[in-house]
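The same chain A turns up in both complexes below, where it pairs with chain B and then with chain C.
Up next is the complex of A and B:
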């Protein structure tokens, strides 16, 4: 009973590497650049909600560059922490399903690096987003391979 | 008569101490409620488990979050933090969830108490069923909940248990700390009484002064 070991080579394949989205090229300018520009012009006019929407729309989900993702995280954190508690509910109601999912992903990433007072604000955000989007939002954060 | 007055004074001071810790807890509870509700909702999302036999070894059934051989069976690990010191790490997989808790330890005595208390419980992990014998690196205590646990017990009750545990641990550790301080104060007093040779009222005053200097409440 000879075993043809060449036919068992498939056991050593890591199938996740061959997923489609890993082949998207980062052609565009890293979102960290233009996003920060937009952010700084919006802020003086107190258009926090618009800044949040822009930042979530340009979130680098498909990017494989960790530095781009970290830069985007910093910008999102600035926006989230600068908004007052009263504005949070308004902002959450203005977002649609996909953006709420991306926002929840950023909230959880923000929890990983707690700074002075940031966790308290993020907990308030978490509560409001959970009230609107439900448990499904959290499940999508846990299961989605496209990490933020 | 002065002896009674001093004793009453001591009781007053202990009461004031207890009151101040309760007030501090009330102020802290501003983040406690949202923290616990965030952990609760994340646990509800993560605790969706089903039976899954091992893909690597036949006829074996292992908690995938512990074994970690197949990447497709693992979900993204998630952290929920209340501040820099307190956080919860939730790692989920298809048939098991690992919950690691980092408990608030403000000073040296709380660190020792927490470490001993957790060690006490982890040695009796079999009786706890869902407790892990060793905490995950960087945390104080870990739970491991598998699909067999969720089949035998109510899922919402398991989540309630973890949340209740997190609440009670902080209370118990601060109670233990108060007890330790009270006992230490009494011990030091009795010891110094034998050593000190002043007249009784002034000696008791001096003793109290020394004891309050040495033992920070």
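Up next is the complex of A and C:
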């Protein structure tokens, strides 16, 4: 028959593999990153702040593996860019000084690789973190040998 | 209102007072050292000391023996003594370093001084009477990078050094030729020359910055340092070398000074001296800004005042770039003026703006209500 057999390939797809849940899992699994799995399995809107805290607490600062760091950066970017502007201030007030330093490092790293609309959102984050942690926080981003 | 003296437009890299605070030695970012004398109500330039070839990086004036020591980027240090005609005569000190000297400090008894350098070592210099010259001994291990700041312990033997390898170290600078064996202190009992008594890191998890200034408290038990990561730390030898750090919200500090056993001043790129306090448990916390009296009026300025200030400063735009603090640029050094480290009433700050300001705690008390100065 004159059927185009290449178009029948879709019958062999397992559609469950491609829903949001598993897609993010594939992207964001760094070696030794069970915490990222936990984050993405329960990510309703009101747990955003918890997600941010988890991700900052487990930030791979001491790691030498650049891929681990890049993967962590992607996760953090997703959290930062998905939060609404109104939630930013509440999130920043919930963090302590060390986490604010790490967050500022991620903000600057996020500036380095801008995506559509990301810089504007990151600037909003930068303003709120600066209001709480002052210029000292920015100085520590510049002087710290361990990059995020 | 702090008293301020302007020495032109050049930054003041270092300053030192004589014993009764009538004379001042400053270096205006050049190979010269200017000596000013307070006569009849104003500061007059008395003499210019020109011996160094490159920028002078440190000056210290020994109050009791009236000698000035200067060190410079030209790898030399000179000890200046005043002759009968009141002229200052230099004596070269052989430091035996192959990099610039960065800082110099007389010991409390003024029989020796220490010079930090980019050669990754500290030269401890003393006067040898037999040959009539200054001799230096080196402290090298385990310093791995430029020594940026020094301070002596009150017992005249221990020396604290901050360095660009993010560490603060306490060494013994005991010179057996000129002094008796020291008694044991909270830092240790055996003190041969060059022994490292303690080492503190300005970095946790590899963070941290260069150590800009280090200072022993009046009892010698506590040591404070400031780093380029905007942090200020205090270590207490009497509490088992416990360290308390705060990472501040301000720009990094460049100088720190104890003004009582529990209070310390830090000043730097923020152009404003800050007061920090150490409580009973040994934790350091921020106590206040000492430049609170000079807030610029931002809102409520009348139109006439605005145009008047435009006219006076020959500006055409309305943005005023002057800072709200007395110093208009970074403060590079802080010196005790009146009192001692156990109880200071006045201290002086000098900055990159060419200004030297003398701050009086009695006047500042009213600006800082709620803080008791004892």
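The rule we apply is simple: the second predicted complex is superposed on the first by the 115 of 148 C-alpha atoms of A that agree within 3 Å, B and C clash if a C-alpha of one lies under 4 Å from a C-alpha of the other, contacts with A are read in each partner's own complex, and residues count from 1 in each chain.
Here is the rule we go by: a contact is a pair of C-beta atoms (placed from the backbone, for glycine too) under 8 Å apart; a residue touches a chain by one contact, two chains touch by 3 or more.
Note that the coordinates shown come from a computational prediction; the quantities given were computed from them, not determined experimentally.
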**Request:** Using the superposition on chain A, decide if chain B and chain C clash or fit.
**Result:** fit
**Message:** Contacts for A:101 in the overlay, against chain B (first) and chain C (second): which applies, first, second, both or neither?
**Reply:** second
**Message:** A:61 in the overlay: touching chain B, chain C, both, or neither? Say first, second, both or neither.
**Reply:** second
**Request:** With both structures superposed, pick whichever of chain B and chain C touches the larger number of chain A residues.
**Result:** B
**Request:** Please work out whether A:123 is in contact with chain B alone, chain C alone, both, or neither, and reply first, second, both or neither.
**Result:** first
**Asked** So, A:133: does it touch chain B (first), chain C (second), both, or neither?
**Response** second
**Message:** Just checking: does A:146 make contact with chain B only, chain C only, both, or neither of them? Give me first, second, both or neither.
**Reply:** second
**Fill in**
Taking every C-alpha pair between chain B and chain C in the superposed model, the minimum, in Å, is 5
**Message:** Counting contacts the way the document defines them, which residues of chain A are shared by the two interfaces, the one with chain B and the one with chain C?
**Reply:** 135, 139, 143-144
**Residue numbers on chain B that touch chain A, as the complex places them** = 30-31, 34-35, 37-38, 41-42, 44-46, 48, 71-72, 75-76, 78-84, 87, 92
**Message:** With touch defined as at the start, can you tell me which chain A residues reach chain B in the complex?
**Reply:** 14-16, 108, 111-112, 114-115, 119-120, 123-124, 126-127, 130, 135, 138-139, 141-144, 147
**Prompt:** In the complex of these two chains, what residues of chain A are touching chain C?
**Reply:** 61-62, 97, 101, 133-137, 139-140, 143-146
**Fill in**
The residues of chain C that touch chain A in their complex are 203, 205-209, 228-230, 247-252
